[in-house]
Each structure stands twice: as structure tokens, then as C-alpha cells.
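Order of writing sets the labels: A, B, C, D, E, F, G and H. Residues in every chain begin at 1.
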């Protein structure tokens, strides 16, 4: 399955958003996940099935002025 | 005949643009005439017939920065 | 007896510095007295005899920047 | 004979100011000569006999602001 | 003698008593942020949103910000109104509240904002119930349009971001202060406490300081200094200090001199 | 985070922790003076000496100054070194302590000091164990002579007395600060807290403010504002804040932007 | 020694050797205009277009402008891009040539331009083969868009029109000068020859001065003064004058002193 | 329109029509000096006196100065009034005329003058029929003493010698200009034509420029630029240009707008 993650093309096997985030080994509390231009709350990550061509952004808040 | 001259409504009897300008007693060399949003050169003033509802602007160049 | 008090000539009858200050009706605590270019403390005012031609300054501290 | 020339001690054999300046090989037109704190004009250089202990300054005008 | 307890700054519906806004950028260590906030009492602080890079995955600036401090996410990185709007929406949905500092920049040399894209983003986000604080070039006509569009304040720059050059744009900022209904917050360029004090004396409603605090060798002390300077400037503004004069005015009396005559 | 407790200013042998010096001139009511002092914590205050005029005999400014505040009598009214010396000696003998602010002025329009008479008075009084603080035109050569003569500090003017025009003489004051061994106290002209903060950021050791406090409509609030600004400026100086830069420096990261690509 | 004869300023396709642009507004008598032009050698001058008012019907400013001076009609009075475009087209059809100074203003207090409407008018008129000179708030992002849209130059204001306050916007104008491909002409606010010289030294391509000339008591002398100042500033720019330094640099030699030793 | 032909500057009994004074220091080649003088028309130029050093014996700057240009020898190198007096007397006896620029400096970092030694030298030399032009720190009290002592003008510094920092001492120079009877010539620090123009606009009687001309890559062009700027500033001063205003003042008429209504 091919998706676009953070602006780059990627082939993955994860089936849900949660799988993807776990697989990326990220600190879940720090992650802001956008699935096809819509933010998904942490509780709902496991409900979101990933399909071919999806656009996913995994973001976090950082220092800025 | 009612026209709009320089932003104000006016009843006139002049039939051409030239008549109007002559009637207004203006220095013809100083006048820039716009007839229905189109500039008319001095030579053509007599050719322009004025109709009811026309929009006419009589302008001149003045000092400005 | 003629003295110079605060830059002005004055005829007085007071015999001591204390007399002079009392006679001028001044708040003694606020007065700084200079007798012939020397400051005299309040306790010593009564000891200072005034002579003809003496130069006396009665000063006080005021607001200043 | 020992003199002080331009702030430094010097032993010389020249007998006149002119001799000294010639001996120093200077462009005479550029020289301002002070002999014992007094300026001597070029015409008078040969008249000035140098004595032991004299203080001589050979100066010139330079660029300055 | 004390500053009026009711001297509250309202941004949208929220009131603030501290008029120093701070930022989280450029700190040598994020642990310094809560110490800095404690030192200066700032009640609002900016944060930025970025794609997670595996190489640097540990960052979550939010956990260094105490709960009583209001978050002000910025849209840094946006080059268009559209990108700014997207970032703003994500920040809000991610639970950062409804404040948003709009920052749309295409100039990478001076980081000067794009006023017209900033206006477009403001128009969109104000309608979505954001409390919109647009970072902007000080420009009265544009500021009036932002006000019209529902901005909660305008944030004119004093000088380019991070330049520490102070109130280079002072004449235009003064014009904004004298003509805007909504608050004017001077953002960017403030390098020293005296700059902050001056902005407040001029009548600015608040200042935002990040770089000058974060990059000093003692950010907590610097933050405290800025906080005091902001308060000092505000008090001077409220006390309507005397105007300057052409000639001198003696501060000691001009009579009663002790002289030899 | 707190400013170093040992950041003491020494004038002669006496140490001061508050770097705002104040004055007693021009207050609408003398009762405001102790309130003002309490508000700002100033530890030294100027007073003047005048001939008593029967019509106005009640004044004794000293009773409005708390015991813990050091008196700094000035020699205002003096037009020559001789007159200044006489006033200084009277003030000392009258129990005002050994501090003296030398002020010799012949220019009645701008009240600018006479540097050469000031130097002469300093030479005399320093030998008589006064702690001499000369008010002066900022002039490095003269300041070095004052230092040589035993002055405890130099007090260059920022701008004419009472003019509230701030640090007009900034370039020369900076030169003094960078080259003097004794403290530099900016006196006269400081009109706003931002001026005071700026002087301290530049490295001035203290500032003296009278007119701007006394003539504001709330002298206690103004004094507090100046006190905070002085502290803020001092802290910034101690924290060695970052220098200004020509270009911008981003305060948000320049990577990881969320964009449509 | 003479300034390079080829130091030509191009606006569109037309070259100019004199870098002082003038205006026809506010002269006490129109007869002064040709005298003023003769005194300063300005090769381009602004005029405005107004509805004829019977009461004041005699005005035709054009006859006071010599043929060798290029007309620059402005769009003053326009509050929108649409109105500016209309005025521009009339001016061109009336035989004033293809130069147009775009001026779109809604702020009647400071007469500050509306940058976004100015951009819209520029986009339209540049396509119609006007040589477009937009009067603008100094704003790099907007200036780049104007360049993109086909403007022949940008005309940032130094300070509000007629204020004589000089280069208040200096920092932003410097940024424009350093980053624009098209010429930068400083318009509005220039009050003294030194302001004009400074603008040229900074690298501005030209300046436009109207009020300061027209309202002086001797417009011809003032115009001459501005013209000389513009040339002086341009020459200094071309001669790349030395930079300023922190310390002094002796102008007389530091050796060979005549001294008592 | 032309500047009044009788606008003559008198220094002592000699009249000058060109108000730019120049210097001979720091030129890459002395051959540039007459070219520079020809380009700018300066009528007075400084020279210095030094002990001849065999290693560099060829210098005689005088032969590069045309006869119609008045020499102004300076006393550079003097650290005391006594040394300055000695140099002045030598210069006069050597045929350089009676003009003397007094320069007494002990500060080798900023080359700031010693005002009190300068006054002493002025007192002595004025009695010996020198036309004395003292270089000085701008200080009104001292300037008045110089005037009293017979100085033909005062020459306050704009900024440290050779620093090109312009009119840093502007506020004090303005005070001198408004209060002195003798001419005020701004010397030192003038780095750009705009600085020179500004000094003249303020009412200075002349300016002396050396470093900025001599160290530019084209001294003749630079000198010409300064000369034009000085004339421009003088003309503006004589034309009493309009004051600056807080708000804008339209330069185009505020009536008769062509609008859609």
C-alpha cells in the first residue's frame, strides 16, 4: 500500500493509523495526526483504516516564536 | 434632457458635447472631456450628440504631488 | 547695630544669634545658621554675640534635584 | 659639539644652521627651522652659528586634518 | 501607587493581567521554559507545529508549558493564507485552544510577513471562531482591514524577527496605536528591556518577546527584566508622564541662592 | 534567576543596592516625597540649600526624608567653584553628611554645567573628605581629570535638566562608561522609564531622576516605574543580551514545515 | 571627477539624467513652476486630474510645464484600484503620455496608501502599456509583487505626504533598495535636502519632492538645493564612501610630534 | 533664485564664499589635493607641522596647495596649551599666515579635545593676533569663554575624528548655533554629504571635512559632492524651509475628485 506521509511517498503494511504511529516508534503523546486533511484524536487512531493513496501528516508542537 | 455632469444631475438643452462645453464657458484647451466613460478629443466634441441619461465628466489637470 | 543678613543690610538690636533667629520667628529646627562664613550649631546660637558688620546667613534645606 | 636635534641628542661638526641642514641633505624649501625656540628664515640660516647645547628643530608641513 | 488591578488586556474574550507575551523558540534547553515563565509571569506563549522527523522525534514542547499559561500556536512555515489556515485548524483540533498567531512569510531573508495573505487567512479564521492575532507589517490601511475582518489584535513588527534592533518601525506603530480600536501588540525585533518599555510608553497594549529572552545567557533573568520593563512602561503610560521640553527646567529653586552679594 | 545580591554600587565607601537616585525638587506637595521613596526604594536623594525667605519660612525638606535614605545635597545656585565649595561646607557642617553633588551653572537657558569650575570645586572638596559627585557635561578628558581629582563618580547629563529628552548625549556617555574607573551616573534629562533602562543597559552604574517623577500626576507610580526600569536595564546588562543583527533570525524552526508538497 | 555621464535612470524605456522628480501641488503661484523646473533641472513632474469647478475654471497646469519635462499624472483621489485605473486611462487618452503614478488612499488622516488596491491597479495598467510608478507603503513582499506585476519602479514613502519628517521608514526602504531589481524612488515626506542626500547615499535611484519645494518661501532656491543634494548623495553612493568606525582615526600623522622631549 | 552673492562667511577679517573647509590628511597621493580643491572650490585647508624624519624627508605639503587657498595650520600633536602655542607660533613665523586651528588632545582612543587646555591656548594666541579656530567638545559654557577670549569661531566636533559617524553631537551643536555670536564650524565626524547638508540646514556657518573625502576612492568626486551638499544645506537654511508636521498634508487638491458618484 502506498501512502503519502509527511510529504513523502511511502510503502507501508500497517492497516490503521495507530499501527503506523506505533510502527514509527513515536511518543504517542507528542503526536498530532492528520488523516486526509482532518485531525484524528488519539482515541480514534485505531479506528482509522489506512487505504492506498491516503495522505497522512504526523506532526508535533515544537518551540517557535 | 437630463444628464449626469461631474457627478451631479443636470437638465440641459445642448445637443453636442461642444455645445455643452461652450455653454459652460470653459477654456477649451484646459478641458478633458469624458463621455460615458470614454475620453473624447477636442476635435470630436462637435460629433458627440448628447442623449438623455448620458454621463459626462469635464476635467482638467491641476497641481498635484 | 548694622549687619548683613542673607545678602541684605539690616539694622538690628538682637545681641545673640539665637535672639536674631527668635526675633525672625523662624522654625529653629529648619534653620542652618552661618556666622561670618562659619556654620554655628543650634546649641551654640546663644553663645554667639552679634557685632556691628557681621555677615550672617540663615538658610534651610529645600527641595532640589 | 653636542646639540639637541628634533628631541634627540646629537654630536655634530657643522658650524651654522645652514651647514646642518645641508649636511642632513634636506630639501631646503620644505624645511622650517627653529633655533632655540625661535623660527629662523631660510635667508638667515647661514648667519646662525651653532653652539654646544643648542636646541634645534627641523620641521616641515605635512598632510593633516 | 499600585498599578490599577483592573488594567486587564482582553484578547478575544480572555483577559490577561501580564502584558509580556513570550515564545518557546530557540531555548538552549526546553527545561528553561517553565523557569522562564515562572520568572516573568507571562500568561501567553507561542508554539509552532512541525512534521515529525524520526531523527528528532522526542520533542513535545507542550509538556514544558504550565497549564495556567495560554498557548498561542503560530502558523510559521506557511507561505500562503491556505497553508496558514490548515495549520491553524490542526492546532485547534489538536487541543491547543482557539488562539492563533497568523504568520505568513515568503521572504526568507528578513522574514517579513505577507500582509495580503495574512488578511485572507484572518478573514477565514475569524469566521471559524478563532481568536486571531495576525503578525503584520505595520500598515494602517491593512490593519483597519484586519480589524474589520475580526482580528482580536494586530501584531506589527518592531524590526525583523530575531534582529534585536528594537522599534525601527516606531513611526508607523505609533500611528497604529493612535488609530486602532483593537489592541496593538508589538512583536518581533524587541531586543532589550528599554525597547519593551518604550513600546508600552507609546501606548502599545502588549509586547511579544522570544529571541532576546531565549538567546541571552540567563533566560530567566532576561525574562524577568523584560517583564519589569513592560510593567514600568505601562505604568509610565498610565501616569501620563510629562512631555519633553526644548529648554531646561530647573529642578532646584531659582531663588534664595547663597551668594557673595 | 534573581539579580546577584552582591551587585552593590559603591559611592565612596558607602554601598547602595538600589541604583535609582532621586531628587526632592518640584513636588506638588512635600508629603509625596516619603511615599515616593517608599514606592521605589531609592536609597539616595538630593536636596538644595537656600536662604530663608520670611514669606516662605516653613520649608525644611529634611523632615520628609526617612533616616535610611542618604542625603545628597547639591550646590545649585553656585556660579563658581568658590560658591559651590561654600555651599558644600555648610551642608556638611549642618549635618547632611559628606556626600555632595557639585553643580556649577552659569548658563540659565539650558542649565548646562561649567565643567572647569566643577573640576576646581571637585579638587578642593575631595581633599576635604567629601564624597564628591560632580554633575558634568559628558566629556572624557574632563571626566578623567575629575577621576584624578578624587571624584567618587561622574554624573554626566543625558539632556538638559528637566527637559525629559532622554539620552541625547548617548554617544559621549557610552565613551565615559567604557573608559572610566569610577562609576558613571546619568543625571538630568531622563524623562521616561525606557530612557533609564537604556542607560543601565549601556552599562551606566546608576541614574538620577527627579523632574520626570515629581511632575507626573502620580509620582509614586512613576517612581516605581523608574525603579523597575532601572532594575530591568541592570539585569539586561548583567545578562549580556544578544547583539542586534542585520538580517532576521527565525524564532521558529526552519525545517519540518507542513506544506502541500 | 565629474559624475559619470552615463549614469542614466531608466523608468520603462525612457532614460533620465536628473534624479530629482518634482510635483506641481501647493505652489502659491503656478508661474513659479517653470522657474522652479529651470532652477533644478528636474525632468519629470507630477500633475493631478480633477473635475472642473466653474468657480475655479481657469486652471490648466499643463501649460506651465515646459515640453522637455515628462509628465507624471497621479491618480490622487482614487480610493480603489478601479478608480485609479479610470483616472490613469483618462490621463493617457488626454495626451499626458503613458507614465502614471498610482496613488490609492483611503486613510484621510495620514494619506497612507492602500498597498493591495495599488497592486491591483498596477496589474491592470502594466498590461495596458502604462509605465507604472506605484506610490506604496515600504513593504518588501508587496514590492516584489509589484515588480512581478510589471511596475517600472516602486515609490515607497519616506514619511506621510507633506509631513516633512524625512526618512522615517529608512530601515524598510533600505531593505527595498537592497532587494529590488526595479528602481526605488523615495516619495513623500522628504523635507530637507539632507533627507534627499541621505536617500541617494543609501542607494535610492531617485527621490520625488513636492511639498518641501512648493511651500518654502523661495521654491526655485529650494528646488536648486534639493537638486544639488540629490546629485551630492548620488556621487557619494557612486564613490562608495568610507564606512563609519567605532573609534577615532587620526587625520593628522601620529608621529613626528614637536614636543618638549 | 541664486544664493545671495553676499552670503559671505567671515573668519577674523577674511571673507569666504565657500563654506566647505577641507584638510590635507590621509590622501593616498598628495597630487590628489589640488585636484580635489579644484573640484570643490574649498577656500581654506588644514595642514599639520611635524619633525622631519630622514626616512621620509620629501614631504612639503604646501607646494600642493594653490595660492588662492588659505592655509589653516593645526596644532595636532599638542597635548597642552603650551605645546599648541609653540606650534602655532612656528607655523605663523614660517609664513603660513595667522590662521590657526587649535587642537589639544590627550585622549588617544577617541582623539577628543581637551577643552580647558584649548581655552588656555586660545586666550594666549588671540592676544598675539592669530585668527584662532579652536577644535572643541560641543559645550556651551566653554564656547562662550572661547568667544570671550577672542576666538574667531568655534569648531565643535560632530563625532570623533575620522569616525564618519556624522552629527552624533547634534543636540549640543544646535545649542551652540543658537547661542553663539561667532561662527560655528562643525569639524570631525562628518562622513557623508547628507551629514554636511544637515549641519548647514541647522544653521552651522561651515563644515570641515577631511577623512571622508581623502579616504573615498574618488576624492575629487567626493569633495564635489560635499561642496554641493554644503551649498544645498545653506540654501535650505536661507530659504527657511517648512517645518515638519504630525499628520499628512495633501500635495494634491482635496476636492474635485473623479469618482463613481
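Throughout what follows, a contact is a pair of C-beta atoms (placed from the backbone, for glycine too) under 8 Å apart; a residue touches a chain by one contact, two chains touch by 3 or more.
What you see is a predicted model; the values in this text were computed from it and never measured.
J.: Can you tell me the least number of steps between chain E and chain H, where a step is a move to a chain it touches?
T.: 2
J.: If we look at chain B and chain G, which chains touch each of them?
T.: H
J.: Round to the nearest whole Å and give the separation of the Cα centres of chain D and chain G.
T.: Those two chain centres are 62 Å apart.
J.: Rounded to the nearest whole Å, what is the centre-to-centre distance of chain D and chain F, using the mean of the C-alpha atoms as each centre?
T.: Here the centre of chain F sits 55 Å away from the centre of chain D.
J.: Could you list the positions in chain B whose residues touch two or more of the other chains?
T.: 7, 57, 59, 62-65
J.: What positions in chain H touch 2 or more of the other chains?
T.: As it turns out, chain H has residues touching two or more other chains at 23, 25-26, 48-52, 74, 76, 86, 90, 109-110, 112, 161-162, 165, 210-211, 214, 250-253, 256, 258-259.
J.: If we use the touch criterion from the header, which chain pairs count as touching?
T.: Per the contact definition above, the touching pairs are A-E, A-F, B-G, B-H, C-E, C-F, D-G, D-H, E-F, E-G, F-H, G-H.
J.: In their shared complex, at which residues does chain H touch chain G?
T.: Within the complex, chain H touches chain G at residues 1-3, 23, 25-26, 35, 39, 48-53, 74, 76-79, 82-83, 86-87, 90, 103, 109-112, 160-166, 191-195, 197-198, 201, 210-212, 214-218, 220-222, 224-229, 231-233, 235-236, 238-253, 255-260.
J.: So in the complex, the part of chain F that touches chain H is made up of which residues?
T.: It is residues 106-107, 109-110, 112-116, 119, 137, 139-142, 144, 159, 165, 168-169, 171-172, 175, 179 of chain F that touch chain H.
J.: Looking at the complex, which residues from chain H come into contact with chain D?
T.: Contact set of chain H toward chain D: 23-27, 30, 33, 46-52, 54, 57-63, 73-74, 76, 86, 89-91, 93-94, 96, 161-162, 208, 210-211, 214.
J.: So in the complex, which bits of chain G are touching chain D?
T.: Chain G residues touching chain D: 250-253, 256, 258-259, 261.
J.: Looking at the complex, which residues from chain B come into contact with chain G?
T.: Chain B residues touching chain G: 6-7, 24-27, 29-32, 34, 37-39, 57-65.
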